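Chain IDs A, B and C follow the sequence of writing; residue 1 opens each chain.
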Amino acid sequence: MEYVDGIIIIVGLYVILATSFNLIIGYGGLVSIAHPVFFALGAYASAILSRQFGLPVPLAMVAGMIVALVASVALVLPTLRVSGDYLLIASIGFQLGVLEIIKNVRFTGGAGGYTNIPPFLIRDFGREAYVALVLVVMVAVILLVRLVARSDYGRAMSAMRDDELAFASVGRNAMWMKLAIFGLGSGLAGLAGALYAHYFRFITPEQFEILQSSAILTMVVVGGMRTTWGPIVGALLLEALPQAITFLNLPPSVLGPIQGLLFTGLVLVFMFFRPQGLVPAENVWRGTGETR
Amino acid sequence: MAAVLDVRGLNKSFDGIVVARDIELSLQSGQVIGLIGPNGAGKTSLFNLISGVVKPDSGTVALDGARIDGLKFHERVSAGLSRTWQHNRLFPSLTVLDNLLIGSTDYPGEWLINVLFARGRLRSHDALAREKALSILDKIGLSAAAGALVSDLPYGQQKLVGVARALMRCGKCLLLDEPMAGVEGQSYAAMQRVVREVAAQGVAVCIVEHNVAFIQDLCDEGVFMFSGAILARGPVAELIRNPQLTELYFGH
Amino acid sequence: MLNATILLQILWTSLATSSYYVLFAVAFALVLKVTRIFNFAQAAIMTVAFYSAFVTVQWLEWPAWAAFVVMMAITLAASFALERIGFEALRKRGVSVMFVFVFTFMVSEFVAYLAMLAFGTWPQTIFPTIFWPVTLVGNIAVSAWDLPAIGATLVMLALLFGFMRFTRIGQFMVGVADNPDLAELYGVNKRQIFLVTVLMAGALVAVGMFLYGTRAQVLPQTGLSLMLFAIAATIIGGIGNLAGAAIAAVILGVIQNSSILVIPSEWQGLLLYVFLFLAIVFFPNGLRMPRRRRRFATATRDIGDGQDAPAAEGQA
């Protein structure tokens, strides 16, 4: 049962990652691959604060979320002032660069990883409690993103994506919105990271590499951008696939690349034959069901 | 009487080509000025410079006495300077009504905080904005199109929606960039009505247009631009009778 | 211990090793200039180039010159496929920037994983050894690799320059770079130009990877890191400015190598990301260089709806 609990938690966390990334890239139209790095920052911050500084785990988790949020603003603020294309390039640099730092710095445990992360809930309430926690957070995140997308904010995001110049011409401030979207999305990724850290209690930089960027991007693109169910379907599909392959009993040196090939291959195939993804979004923004 | 829009000494060169040469322009409240000239005279560039889409090499722009040249484009709009676009930049993913709603003066939905914690504020604002939007649509005869997508409308009506969106803001100054291009029939009359009404409310209006009849009908004065400079300003009838200006206009 | 010899040594070595950086940067800058695409798939081309040379030398045991020919042929074929099957399809659909990015990024990742599968994840080099005989010139160690590398780079750059300046197609490339629609009106075949551009970039990349792979170790994911260098150099050099990209590549290479004097080696890897970040934040338009008069600029260039306003204009 521990194995199954682990899988449910991983899938739940990926749904959070995919949904929050959908907010950034799908609804916000911000092209960035730097999502795993915020997952990592949340995990490491929460782990270090609780192990090294004795912060109670719930507080450490919130702190992890805030660290991820602040870091994301640090990435977006200077680059968006320039232009959107540059955000993309900067995000690649940020994703690779921050991981490089984590690998080389002593207090994160370096390339070997960070161990003995304080547990949470399991000792008192059992593993199922943690699974429940993750699932509750997952549902909350899904509902939150859905709420935002269907509100007046969603209308604004849709307009901003359509035509930023026209958006400015009606007096709206795109910069602030992008910051908020990026911050919220990245903060949620950080929260997922913290949840990851305190369950598995051992994190290494390898777990947050560019492979994850491809995976999350695939989940959103293949699942369907700008929908509630798209990222969920994408996350389920992309977590189910590797599990299916493990039954083939391939050696790890082959398993990794094959997973990677599946992720990237899927995206490429979908991009050419079904670019809207498995769950297609409407091209039109619809609000929260008020009379039109 | 202080000018609503005061442009002084505006200069801009681009790749060695002068698009604005020492532009001086002022608009009074309620005035409707027509900006005419051949293609490439720099009319749209002037709008871009005034609204803040493009940064000038030198010069100042003041709105209601206050300098706005330090402000970004969207900040100038907030200060009361609205503009429309030559190619009518509507939001294709939004309905006509939503296109207008996104253009309202205040938009609490722009802040995530409000969406998460102040739904009440959103609701009350929404009611007011809808009222205003629907009344504007009514004035231009497009009430029935409120729920339609912009791509479903004929071009003339799309342009009307573009102007309507700019009218959602209680502005001080309105810059219309070729509002009549491609517009005819009922939309033409509606556009005239709208401009007259807006001017009557005290807004200073400047219209770039090639449609001389429209300019003659509506505008108190005309400004003739050529090669980035303002060559003449005066009653429209006089400008179009001037043989040198006519040659410049049609010679190119 | 800082003395003239060490400095000169570092200067020489970094100059020599910046040869491949220059080629990668110019390739990236060229494609960006003419097709307006940030070609992240260049990493895939680089991977293909390296491993085709590797296989030819180490598995087939053919001589170096044959490997070079094979590598060039395969790389050009891959570039051809990328442009005709990839970019052209994307252009036909009129896709967004995001789409192009995801596509090029995924192509590079896909090829990297293929390489991982076929060749494993341990470092490889084209020749079994990356040690070259060294001669001492004064007190400076000059590797037998250095001069041919610099020479090859200069030859490629000269060929590129000559092509763009003196051939019709080359001039068309500049025209398409400036104003593709206008160029089309003048009867320039855009399709052909884009293909030539991507092929030329492929050639530059092939030579660059041959140089790199005979001097340093390559992993399936090396392409992406080298790409970042190219991107940083392109941005600092000024988008549209090939000479700028080349010079920036040399400068960045020298800085990165000299950094060993001031920072511990494990942090050297980070330097590149710092460059990239600084480039974007402080030099998004590149270091100012005098711009040549553009041939295809129209006399009355209306800025229109602000869409053509370059980043330099920005918003007031």
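In this text, contacts are C-beta pairs under 8 Å (C-beta built on N, C-alpha and C of every residue); 3 or more make two chains touch, one makes a residue touch a chain.
Note that the coordinates shown come from a computational prediction; the quantities given were computed from them, not determined experimentally.
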Number of hops, chain A to chain B, where each hop joins two touching chains: 1
Farthest chain (mean CA position) relative to chain B: C
Whole-Å gap between the CA centroids of chain A and chain B: 42
Centroid spacing, where centroids are CA-atom means, of chain A and chain C in whole angstrom: 31
Distance between chain centroids, defined by C-alpha means - chain B, chain C (Å): 45
Residues of chain A engaged with two or more neighbouring chains: 165, 168
Junction residues of chain C, two or more chains touched: 305-306, 315
Residue numbers of chain B (touch at least two other chains): 53, 72-73, 85, 89
Sites on chain C touched by chain A in the complex: 38, 89, 93, 95, 97-99, 101-103, 105-107, 109-110, 112-114, 116-117, 120-121, 221, 224-225, 228, 231, 235, 266-267, 269-270, 272-274, 276-277, 280-281, 284, 305-307, 311, 315
Residues of chain A defined as touching chain B within the complex: 147-148, 151-153, 155-156, 158-159, 161-163, 165-174, 176-177, 180-181, 184, 283-285, 287, 290, 292
Chain A partner contacts - residues on chain B that touch it in the complex: 51, 53, 72-74, 77-78, 82-85, 89-95, 97-99, 101-103, 105, 107-112, 115-116, 122, 126, 146-147, 149, 165-166, 168-169
Complex interface listing, chain A residues touching chain C: 25, 29, 31, 33, 78-79, 82-86, 88-90, 92-94, 96-97, 100-101, 104, 165, 168, 210, 214, 217, 221, 253-254, 256-258, 260-261, 263-265, 267-268, 271-272, 275
